[in-house]
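In what follows, chain A forms one complex with chain B and a second complex with chain C.
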Partner chain A sequence: MKTMTKKERVFSALNRQEVDRPPVANPTSVATVEMMDLVDAPFPEACRSAELNARLAATEITEFDFDSIAPYFSIIQESSAIGCDMQWEQKDNWPTVRMSNPIWQSASDVKVPKDFLEHKDTKVIIDSIKILRKEFGNDIPIIGKTMGPWTLAYHVFGVEKFLLGTIDNPSETKLALEKLKEFTYLFGEAQIDAGADILTVPDHATGDLVSGQYYKTFLQELHTEMAENFKVPLILHICGQTVDRMPAIAETGMHAFHFDSKNKPQEAMNAVQNKIALVGNINNPETLYSKTTTDVKKEVFECLNAGVQIIAPECAIPLKTKSENLIAITEGVSDWISEHNKN
Partner chain B sequence: MFEHEGLSKEFEFVTKESEIKHIGDSIKNTSLKMQTIAFALIQGDQDTVGQITKECLEDGITANEILDNGLLNGMSIVGVKFRDNIIFVPEVLIAARAMKAGMAHIEPILSESGIEPPGKVIMGTVKGDLHDIGKNLCIMMLRGAGFTVYDLGVDTSPEDFADGFEEYQPDIIGMSALLTTTMPNMGRTIQYFEDIGLRDEVRLMVGGAPVTQEFADEMGADAYGESAIDAVEKAKELILLLKDLKN
Partner chain C sequence: MRVFEVREQFGNCLELVSMDPNFHNITVGLFIKNDILTVWSYSKIEGVKSRLNTIRDKMVELGGLKSIDKDFKLKVPKGYFIERPLRFLFTQSVEKDPGFKFDNGPISASDNKTRLSFNIRGENKNDNYVYVVSTTGEHERPIIRIRAVVGGFVKYGECIKLNDESFCFKDKKQHDEYVRILLPYARNVSAVENMITTSEQTGQMNTQTLGFSQ
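Now for the complex of A and B:
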């Protein structure tokens, strides 16, 4: 098979088609402190300046030879632009929304600020994508990211209040999600216009918090609608245990699902029945953060043996992950191919 | 099985032999009113829990009896269902809210009576981490098991934990983290307690999504709670150890 460009490889994998080799891509983030130091683009500035953001995002290609670039490192850019109370933190920690100080009480409060897309913290991602597109041309896929309404609801209403509302007043919850999805569309479309080839949609209806039935009741329809309306492939990301909701996720028409190491690769592949591509699921807190390259490669092999289409860390990687463990992901894929060809 | 049909059905979710015996024995000789409180708590029906608790107190039933035979029996089944993925966080939150509605009536009486709780705990999410759902679940479960718990909130520095220790004199300090970037702050807090000479005065327990037993051991924690339910079990074990040490 002829050698594919990174873009061809990732797109083929997303479409569950044949590839010259399985791609390595993280649809969430590969920012690390080591890379921040290398290119002098530390947090939180790299989350707030397009130039620094693009410089840090580019290390995914220049240092690790992954098959894509994802310039949105956290989950808070929209929430900052909406007006949430923020804690920007330092180089060694992700910025966070102070969810204990929610800005809205009910669905009727949900309104898109006039300057939402001109706000510094949304514009930084849009401008970074433009820089990266210009710098890397069309052969490297850029993965944008736009938060789903469920995750935004945690930020604007507070986690506990929002989850209590799902039982006290599910109609109100549905209305809030319906209104919040406007942010998902606006920010996603703006990134596509700027040059994003693919969008990740994190929407944390995780099995660590809510049941699989919740996914069907509150989100499946919204995600199906997104898959129909966005003009680029979508990768849904949900952390934690999700195997119980994977069959429903697989029916949405999204191109891929980025899954957590709490779900075994083979179990996940069985759950989705080849109706959606899977991206994942190298363990972050133990394997990438503190184990050896051998351990990383072992997990790469487990994913590839199961048929996972795109190899990736399970989520945004720990900021203090060693580079050698990230390089080991790509090496693991090469080792697997060599072994596969021998047999 | 029990006089209350709904509670009997809820009890079917308890499948471990030791729990069937422990929880079953605790429920079987209780009155219909106590069983109604337990059932309403599992359903998250705060109005019924509050109302019946109030009526029972007016009828002369003791606060302790309502706590043990009604509220805590209900919370035990909630704990089992949560651990076994039969219910999830929203269902636990409404059960905890119902528990609170009952406790609002009985807590003042218990405080006046001077009965000692099984243990005193302070809890916080560590420095740099603003996630509180895991911590809050642990607090609810610990309170549900009768512990007195003081919540230090989120973004809690080692110094804040030390201040909390000085103020509340707890048996246990619980630390929570959701982020891989912040979980090392648990180790820093443990080290801080070493540095200021308080390490042997209190038991330190850790937990949170990225935290593992291995990581807890490396940091020198006294216990690791894999889940909110497990945190309660570990807290009970630590209290027993402390009692043994005192004896």
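Now for the complex of A and C:
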């Protein structure tokens, strides 16, 4: 098979078609403290300056030879632009929203600020995508990211209040999600206009908090609608145990699901029945963070043996991940191909 | 240097300190290839070379390692490659004030759970260098605390417990420098474990750290 460009490879994998080799592409983030030093783009500044953001994101290609670039590192850019109470942290930690101090109480409060896309913390991603598109041309896929309404609801209402509302007043919850999805569309479309080829939609209806039935009740329809309306492939990301909702996710029409290591690759593949591509699921907190390159490669093999289409860490990688373990992901794919060809 | 060059030249990363409090919060790594250690940072801030050599020199001073005539590099003498103490040594060499020195006298430290002080004395017994833990001060059953300290050395120094009061290193040799480094950790394993867990959680993105689960 002829050698594909990175973009051809990732798009073929997203469409569950043949590839010259399985791509390595993290739809969430590959930022590390070492790379922040290498390109002089530390957190939190790299989340707030387009130039620094693009510089740090580019290391995914220039240093680790992954098959894509994903410049939105965290999950808080929209929430900052909306006006949430932010904790920007420092170089070695993720910026977060202070959800104990929510800004809205009900669906009627949900309003898109006039300057939402001009706000520094949304504009940084849009401008970074433009820089990366110019620098890398059209052969490298750029993966944008736009938060789903469920995640935004945690940020603006607070986790506990929002989840209690799903029991006390489900129709109010649905109304809130319906209104919040406007942010998902606005920011996603702005990133596509800037040059994003693919969008990740993190929407944390995680198994740690809600059942698979919740996904069907509150989110499946919204996600199906997104898959129809966005003009680029979508990758849904949900952390934690999700195998119980994977069959529903597979029916949304999204191109791929980025899954957590709490789900075994084979059970995940069985659950989605080849109706959606899977991206994942190298364990972050133990394997990538503290184990050896041999352990990383073992997990790569497990994913590839199960038929996972795109190999990736399960989520945004720990900021203190050692570089050798990231290189080991790509090497693991090469080793698997060599072994596969031998047999 | 690029990532692949660092890996090729310096080997694998043993330990990473994400923010050096003594030099512009740069990230510093300890790499190992064969028996050569390299202290390295990707930072290009002015003065970084000098800072890395200072860390290297501190590791030699505190850990009994051997400096070699190349920037950032040091050699692990035979028997000195014991991973956990080496990692603690590196972290201390980066994070402690550059002027920090160990006392050269007897190895001792106060217990932070009781009013006892721990004393560690080593002696050669039949080609085995044995470290014996004792206490000074008042406590109803000091052996409980002594046993805990020996357990700490087994956990963090990969040592062998000989009895409730004594231990030796795996190579049965003298490693006073490592004993000095490890004693503050060995005397309070639960607090150290909490510290390590907190450190490991920093920079992780998951449902817990995002605040999405309890």
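Miscellaneous remarks
The working rule: the second predicted complex is superposed on the first by the 343 of 343 C-alpha atoms of A that agree within 3 Å, B and C clash if a C-alpha of one lies under 4 Å from a C-alpha of the other, contacts with A are read in each partner's own complex, and residues count from 1 in each chain.
Just so it is clear, a residue touches a chain if its C-beta (ideal position, glycine included) is under 8 Å from a C-beta of that chain, and two chains touch if they have at least 3 such contacts.
Keep in mind it's a predicted model, so treat the numbers as computed, not measured.
Taken together in the superposed arrangement on chain A, chain B and chain C clash.
When the shared chain is aligned, chain C comes close enough to touch A:Ile75, but chain B does not.
When the two complexes are overlaid on their common chain A, residue A:His204 makes contact with chain C while staying clear of chain B. In the superposition on chain A, contact of A:Lys322 is made with chain C only, not with chain B. In the superposition on chain A, A:Asp40 makes contact with chain C only, not with chain B.
Looking at the shared chain after the overlay, A:Thr293 reaches chain C, while chain B stays out of its contact range. With both structures placed on the common chain, the touch criterion links A:Glu339 to neither chain B nor chain C. Set side by side, chain B and chain C differ in how many residues of chain A they touch, and the one touching more is C. By the touch criterion stated above, A:Gln87 is placed in contact with chain B alone, chain C being left untouched. Applying the stated contact rule after C-alpha superposition, one finds that A:Asp109 touches neither chain B nor chain C. Contacts of A:Phe64 after superposition: chain C is touched, whereas chain B is not reached.
After superposing the two complexes on chain A, the stretch of chain B that clashes with chain C is 184-192, out of 94-102, 184-192 or 238-246.
Overlap of the chain B and chain C contact sets on chain A: residues 92-94, 96-97, 99, 159, 208-209, 240, 284-285, 289-290, 318-320. Across the interface of their complex, chain A is touched by residues 2-4, 6-7, 12-13, 16, 18-19, 25-27, 29, 41-44, 200, 202-207, 209-213 of chain C. Across the complex, chain A meets chain C through its residues 28-29, 33-38, 40, 42, 63-64, 74-75, 90-94, 96-97, 99, 154, 159, 204, 206, 208-209, 239-240, 284-285, 289-290, 292-293, 315-316, 318-320, 322-324, 327.
The residues of chain B lying in touch with chain A in their complex are 44, 85, 87-91, 93-94, 97, 128-133, 136, 153-155, 179-183, 209-212, 214-215.
For chain A in complex with chain B, the touching residues are 87, 89, 92-94, 96-100, 159-160, 163-164, 166-168, 207-211, 214, 240, 284-286, 289-290, 318-320.
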